[in-house]
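In what comes next, chain A is part of two complexes: it sits with chain B in the first one and with chain C in the second one.
And then the complex of A and B:
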């Protein structure tokens, strides 16, 4: 797993929340790794632990209720040395040097992800000043202008002094990307960066991210619930359900040959242009993480559920280079 | 910004004219006038006063004139700080009475305001950033106690404790005896500070508790905002995240509240001022209303309205400085 190109390697990550009613296992045993220049897509319905996985990587799990209960998050520096994020305090210097510098994050809500009381430029400069060696104001400012220009904001020299409320949603997301990329991070975590945007803007942002990824050769972890988007950008896709990975495979085979019934359900609930087929949404909704059903978490929504699904939680099976957490693939593994 | 302030001040003039009419109308509402309560006071002391004399006094004070004439007599001298004369203070001019008390009223109100903000905001920040910790509960409980104790009660308790426990002879007033008539000096100022903290604590406790609660709630809201995660994700120190990014966004309500609070500190200080024998406008308006000393009562009420308007203007200006989204054009 830890080849020289590996940027981040997550092993059996567990992120829990203490609530009045018990422990919520928001992320439960998630493992993955991302290589330089590659994109991992994470899909799943709301509340399946996607965002908490990304927050864990940044070591920004909402405290004091949330905490990383187990596992490893190994980040590999350019020189090959590694750091296990789970071992460091969120406010420790090592973590702060990592955040914004080595790994950066873009959030879901561009409308609220910039602080309304500071100018866009000030907020970008704040990040640059923190991690880079630009000393004087003019240098910092020209760097911020350059970043805004890079993400396609017109008239960046004047817009750098504007406040977030003077930017449109798409522009704010561009500004966020400019801020995230201002220190040339090696890992970019994008948590549903296009969900709140128009489709036209969405396409622009996706293309922009793709271009910048090529330019900077960074790893991207792209979270979305939109399978259409994931097909455009991701090399590998991880499907999450109730805090666990239910299927992991390369993007092509996920679309052409989905294995897990949940993945099939997700694909069937999405409209395909030109197709007259009725949409088939997945019945029911994501179960309460405090009251997970016995056996497989998905069995009571699963159209292919078997007797064993109600009793035992399935392990992960390897099928044709894919990993699937479903009893349906038990035989195939035995056969292989 | 300058244009905005000028315009706001200009708008205040018609507003104040309307308010003055309203105040005068309300003051005229209770039956009778100053003479009636004066006659009642005289006769309660066993003396009599002839009807003829009452009529003559009525004539002299102009109390038998129609309302609009009395109103005009009151307002016509406003620009020259002439607010008519008081009945109960031997016909002294209202301005001379108000002037004597206004300074201390504003001093006490202002100090209380500063006290509430300086004490309340840091505790509110602590409570929000240490939600559900021991410290948070401690301040919450203390805040509720502070909110629920009536001011005069707190004043009495402080005086009692001061006298019987610490042996301080008198916590009342703003000066020790020897300084009351003395000219201003450093010693007198120090003496003032030694006395000032008591009314400030008494008047400010409830408000401080309010500031703590408000600050805590607002900051907790702000800390859940996306831009706080953004700030953390940049790699900023937690303290910078809190103080630079969160607190500034949580101040709106406190600023608005502080602006409206200014006149309340004067009317709210009435009972405390009587208990602590403080030279503020609170007791003045209380006696003026009781004895139907209409020009004096009306003028004090008017000054409270001016304070409210000025307080709101200051709050609006500070808000514009704190939040660039607020633009006054």
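And then the complex of A and C:
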């Protein structure tokens, strides 16, 4: 991957939590990079470390229990210089400049992530004031209005003075996006931004994000558990399970030729319109990260488990440009 | 699968919430959450109910069960050939009727009492209805129910927080089954779950339906889920039913512009198609101040003058006596089916 277009490059990231019962490895050796104007989708069930990966990128891992135990998160500035986020304190000047200005985040719950006692406009202005050099009040306000207009909120001049409770769910999410984009970030992290929304609104938000991405040439990291959305928006997909990446490939081959049994399971669990075929769910549920099974973390739910899966954790194999962490692909590795 | 026998008949059901203002809390208007809904459910079928949030799906479910007092209308339940109107029944009689109609809720985290053990949660309907001679007998029944929904009976002394989301939803299902109901109202039972767990619960619900001959009213906003589980589907918009149709027909030949818009906005999940999702603009209007005429006219791409003044009735469509649509121009419009 050419480094000139690379916005973020994560190598072997490990984010752990100290708990009374031991160390929970929420993110365990995750590597990926995203280029300008591209979208990386991250999928997996709840508790697979998706959100903790994004929190690590922002250097916002809940303290004091959580910490980044190892790895590198290299962020590349516009001029080509880089910064390793893991080397800085979460409250350092450098980090505060990075958040908002360079990378921004939208969360799942638009109601809980907006402050109910400030107007939407004030909250957008706060973000701009902190990160940009606007001083004049009128200028700040017109910038907030412009942002609301950009994300498709009608009558932004009057809406800017309204409170979050006066907005509908879809509009709140638009306001969140307006806030995130107010400082023209080069990397947008979207953590399940459409999960709480209706299909109609979801379609609006996805289209909006796609348009804004083209306009601003942002890199997007899109976290979701809905594979339908991933198919629509992502260029590349990373499937996570128990804090590890089990499969990484471009979106088309992930859908047409899923490799890891977990990916296949996720795809088969989804009801497909027009087919009344019985769903084939993945049996059981995500294991407790403190009591992971021996061998491959997925073997006790895996329909294709072999003897070796119970004993040894599989390494990552490269198959047809995809990375798969599964013993099934051991032979192909040898052949190539 | 579907018998012709109607198990539930809802006629012109209305639920208005008063808006009160001022010192004397004068009623200044009404939120018409459910505004004249008619439908029937046949024995053994699954009737799906879809619509955006805020269009009255959950209120409709609660009003049918009389958890909310209906403002007007009838809910006629066919109790072994004897027709009883739930809207008119009260007290003991109502409690007896509710044995036959149970509900599964959306949020498996808030719909189970965190201070009760699973045994007590599932046994509660039995205790309330006075079923089973003693505690021991009821415990036996609870064990049976837990096994039936795929949980281990030794887990019954645990508390809800010890279970995952999918398991909690199974406990909710077990509780709903405790009284051997005929009809179960499922209010978004899988919306809060991960895809893999969602598939497990959907399979469980359809297995139980076959095994016990249950009838479902299934509410969801995920059109894929609804299509998978339903025999017939109702589409609701702002307190009104706008289309009722056979599940396959609804996706192949939608009759109402709103249905078409919903189908267009589904994530196809196909990375090979470049066709963008066509999003329906705007949001559901304020039900306290609904638009005149057809309630969908403000967002409808096919809107004409007639739509702004006259509200269409829900009438049977030409080709099928069992499907209904509420649109002035449903016969002349050429609406697109769902494309993969």
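Going forward, the second predicted complex is superposed on the first by the 334 of 336 C-alpha atoms of A that agree within 3 Å, B and C clash if a C-alpha of one lies under 4 Å from a C-alpha of the other, contacts with A are read in each partner's own complex, and residues count from 1 in each chain.
As a convention for this text, contacts are C-beta pairs under 8 Å (C-beta built on N, C-alpha and C of every residue); 3 or more make two chains touch, one makes a residue touch a chain.
If you're wondering where the values come from, they're calculated on a predicted model, not measured in any experiment.
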Sharing chain A, do chain B and chain C clash or fit in the superposition? fit
Chosen between chain B and chain C, the partner touching more chain A residues is C
With the two structures laid over each other on chain A, which partner does A:139 touch: chain B (first), chain C (second), both, or neither? neither
Check whether A:176 is in contact with chain B, with chain C, with both or with neither, and answer first, second, both or neither. first
Does chain B (first) or chain C (second) touch A:161, or do both, or does neither? neither
Scan A:72 for contacts with chain B and chain C and give back first, second, both or neither. neither
Under the superposition described above, what is the C-alpha centre angle at chain A formed with chain B and chain C, rounded in steps of 10 degrees? 70
Mind working out whether A:105 is in touch with chain B, chain C, both or neither, as first, second, both or neither? first
Taking every C-alpha pair between chain B and chain C in the superposed model, the minimum, in Å, is 6
Would you pull the chain A residues touching chain C in the complex into a rising list? 45-46, 168-171, 198-204, 206-207, 210, 225-232, 234, 251-252, 254-256, 265-266, 268-274, 276, 278-283, 285-286
Which bits of chain A are touching chain B when the two form their complex? 55, 58, 60, 64, 90-91, 95-101, 104-105, 107-109, 112-119, 123, 126-127, 130-131, 163, 165, 176, 179-180
Could you pull out which chain C residues touch chain A in their complex? 52-54, 164-167, 194-200, 202-203, 206, 221-225, 227-228, 251, 261-262, 264-272, 276-281, 283-284, 338, 340
Within the complex, which stretch of chain B touches chain A? 132, 225-227, 229-238, 245, 248-249, 322-325
